[in-house]
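What follows is a pair of complexes built around chain A, which joins chain B in one and chain C in the other.
This part shows the complex of A and B:
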């Protein structure tokens, strides 16, 4: 086994090991709560990947997760820990509804309305996170805390809009905006219930990977993320990079909001704030901020989220079980970060000195 | 309604009442976070600790009938989460901010999981101390009903100040937080000091949760915390890592939180949801004004947010 193989095997084995450990801990937790852990595993598997019908649910859950994960993963390459996904998603959803209603009211063609909704959502989410980046760069405000606060502000703004200016008077027990016309909704992929948001998510992850790994822009961002001072000395525009990366990340989360509105809910209301934001943070961290890995992890987490209902129905576990599971996975993955380079199996072997040739004069 | 008789005077009275009622969680969490950050680590997970404290206090108070036992158990539950954070965030190459986010998810998930059966029943509440007996007006009397936990928090703030300034252990915490290398040279175990600070800080945050579920709003539900645990982290920066200033800042935040309901009580409710966001907006504005890229903040522990080797 050469050293290169060893190191790439390490990069695959440690996260998988962390997931297995998290599954074991979660099983222990379920056993303590009085449920049969193997039954729970089987239920999760069946609800997530067991049949084509349930796999479609997983795919539907995975698409906003992929997009929202990029809101954490892209800025992370610049060394920023941004968790404002929820806020950007909410703002994107609101802007998409506002844009969609305006455009369809003006009699725009279906494709125009959909494009307008996507652009409005991306712009709103992008600006929302770009504000966080600007505060970080110009005022040195901690980006984690400011983005979290912006989440609460965005949710308050959503509540204000759907209870006030944008309220549809016919939505009584769940205040909502006016609905987007049926015809302007995002369609489903042929032969399935899965909407086009999945395609958008996959494309966004692919583009993000290309941008970070294969372009000078991405190289500059990674350099600045590695060492800001060195990047400044090299003449990189750190401020512009920060704003641009934050805008792109936020735009992805905003697009997730647009997908939720235009393909699932059809209107803006409280359901927009359905924890895809924090799920996205988790996906980004498990994927170690790699956009391609994020699309796979989103699939996995989407499956776990899709299994929330069945755990409640067939094992009598509360719906927060899924949240506990997410927490355990997150903690276990973070711990696994400290294991890189420590496990003896993956350590590069020192070039072994040849055993001294036995000479005839021994003894 | 209190404000009907008082007219527009009802607004400041309602804000004062809300401040006295609602600032205890801010106070406890910010004191806990202050202690934690003085030792050089950040604990964003105190939001989860707060929820866990609120749930366990309510559950124990319901099951045993003793709210004070609930307060103690809330603190102990906080310490349990603090142990996880303290151990994990000190592993090599593990980012304490990321651990905090994970602990928010884990702590609140655990609180919702275990707290599911306690949403319906009503638990015995903490006794209140009435300071309003001098007034004839029932509105003033009800506004001046103060939680004993709030008074305890007011007492802890100057005590913690004294602890940092004049006690040997306080010096150890500050040394570890300001200059870990110097502390190591003195033969202090950085791991142990930080662990102790994080666990003690989480104990306080757990008690802050008890104040939520056993005094105001005085019930247990999944929406009981509106991000007080997160705002407290920003509040500590605003208070420049000084416990007594944490007290003033908590009062300010408690007041900001009361603006929305106070205005609603006099009939201004068209911007209700936006006024409810005022604590968050206030926090953000305060951070924008007080932070600067040119200098480090006075009072900031030297090793705060720096990676461990």
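This part shows the complex of A and C:
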């Protein structure tokens, strides 16, 4: 086994090991709550991947997760830990609704309205996280804390808008914005309930991977993320890179918000704030900030999220149990990060001592 | 704790500390070779030497951080086994580090109690304060016990570090460049007070320094190390600065002759006009530096480390904003952007290449492409050509004899010399370099690597490249440079063609005279 293989194996085995450990801990939790852990595992599997119908639910959950994961994964290549996905998603959704209502009011064609919603969502989410990047670069404000706090601002802003300026008077129980006309909503893939958001998510993950690995922009970002002093010696514009990559990450989360309003809810309300942001952080960490891996991990986590209802119905566990599971997964993944390079089986083997040669006498 | 309090009041005479034939090897590298030193009780002893002379290694062996390869440490004429600073403390030895080790958020009293090796589980603060007040009353410096560390000035913090050792009842203080973080006035005050304690017979002090002024003013004896060997010893009253500089720098042979081609068409490439830059803490590091480097010459900047040369190089390399002043390259203002670097063909060999010029977890090929990844043939319309990046790297690995398993190996896995070669390959492979800025390019490398790097720098000069070489190794500067400057406390205080430079004057200027 070569060292290269060993290192790729390490990158696969450790996250899987973390998931298995999280499953075991979660089983313990279910047992304490009085449910049969193996029954729960089976239910989760069935609800997530058991049938075409349930798998469609998983896919629907996975698409915003993929997009929002990029909001953490892209800046991570620059060495930034950003967890403002929720805020960028909310701002993106809000801007998409505002844009969509304006354009359809002006009589724009369907495709134009949809494109306008996507651009508005991306711009809003992008600017939201670019603010975090600017604070980081110009004022050395910790990007993790500021992005977290920006989430609260975004959520409060959403509540204000749907309770005030954007409120549809007919939405009584759940204050919401005016709905986007049915005709302008994102459609579903032929023969399924899965909306086009999944396609957008997959394309975004693929593009993000390509951007980071194959373009000069990605090379510069990886350099600055790996060693900012070396990047400065090479004359790379670290500030511009920070702003650009934060904007791109935020734009992806903003697009997730647009997908949620334009394909699922049809209007902006507090349902937007459905933890896809934090789920995205989790996806990015499990995927070790690799955009391609993020698309697969988002499927897995989407499946877990989709199983919330069934746990309540068939095991008498509270609906929030999946949140407990999500939390356990997060903790064990963060812990597993400390294991890279520590487990002896993945350590590069020292070069084998060469067979003694006649000339090798003195050492 | 009674013993501490009583001991402080009686103040027994310090023990005698002696080091006999101490040798310390790291792998094949000999950091200290048969060094002996004796600190007589009640004396102020200076340990002098250039960077890398082995001063820190010696005191770390005494304090038990390192285990000597051979040789003995004697305290009161008995050979002692010292395996840790705690053991050293047991024999009355205490060390004050170059950087502060107090907890900023806690008060002076809390830090003192914290520093004890036998801190109790439960602290009776009233009793502690009584004892601390009694201790403060007899100590050479007074600091208010209830002040948080964060509110102390640098000089007071340094005093606290020394107080800590007195509080721990250390009778032999080892100070590692104690004044490097102080202003001259603060330094004089701290050393003056210590001097009084030594004169009164309460303490012995062994101080690492490379400031001749302080050595002349405060110390009794001096031991000089050069390249891991004992280079001299004597009483300060019998010595002159020249004699000490001579011991420290060694018998300067005529600069080793090197093949130098005279470049006829000399035109200025790099021009600094009143360049000023600040340290991280906002104090001035470079004060109004002005110089010109022309094609086909190597301009050397000599100086003891910490005199602003690091900050100067960082400004030129684009790692540090300047405070004021102008940098011109080929007569045009220069801001160290990537575009300007490419247009004027400016290349940099910063010190500590792994920290300053490489991304450790990226591959050798990627690190070699750091200058060229955005230009054809390595990139077309923003897309990388991984094939061309690999090809160029494989070529450079051959030409510059970089020893690496493959070009895909992370550069952080290579040895120091090969990391330096990787950077050298990247920075010197361009055929039309205009300006090369090199800082301590050979630091920590073995003989053959040093020779190789010197020949590469000279070859670049002979091709007509303008070279600014900042180094703490005077031999290197005398060998390579055409003109030499001395930087002291951020100012360029001396300039001379290397051929006619006076070695004594150089040493004195470096020492701040």
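Some notes on this structure:
As a convention for this text, the second predicted complex is superposed on the first by the 353 of 363 C-alpha atoms of A that agree within 3 Å, B and C clash if a C-alpha of one lies under 4 Å from a C-alpha of the other, contacts with A are read in each partner's own complex, and residues count from 1 in each chain.
The rule is simple: contacts are C-beta pairs under 8 Å (C-beta built on N, C-alpha and C of every residue); 3 or more make two chains touch, one makes a residue touch a chain.
Here the structure is a predicted model, which means the values were calculated and not measured.
Between chain B and chain C, B touches the greater number of residues of chain A.
Judged by the touch definition given at the top, the superposed model places A:321 against chain B, while chain C stays out of reach. In the superposed model, A:111 lies in contact with neither chain B nor chain C.
Of the two partner chains, neither chain B nor chain C is touched by A:183.
Once both structures are placed on chain A, no chain A residue is touched by chain B and, in the other complex, by chain C. Taken in their complex, chain B has these residues touching chain A: 44, 84, 88, 91-95, 97-99, 101-110, 112-113, 116, 222, 226-227, 230-231, 233-234, 237, 270-274, 276-277, 280-281, 283-284, 287-288, 291-293. Taken together, the chain A residues at the contact with chain B in this complex read 33, 81, 83, 135, 137-142, 144-146, 148-150, 152-153, 156-157, 159-160, 163-164, 278, 281-282, 285, 317-328, 330-331, 334-335, 337-338, 340. By the touch criterion given at the top, residues 4, 214-220, 222-223, 226-227, 229-230, 232-237 of chain A touch chain C in their complex. Touching chain A in their complex are the following residues of chain C: 317-319, 336-342, 348, 350, 355-362, 366, 369-371, 373-374, 379, 382-384, 386, 408.
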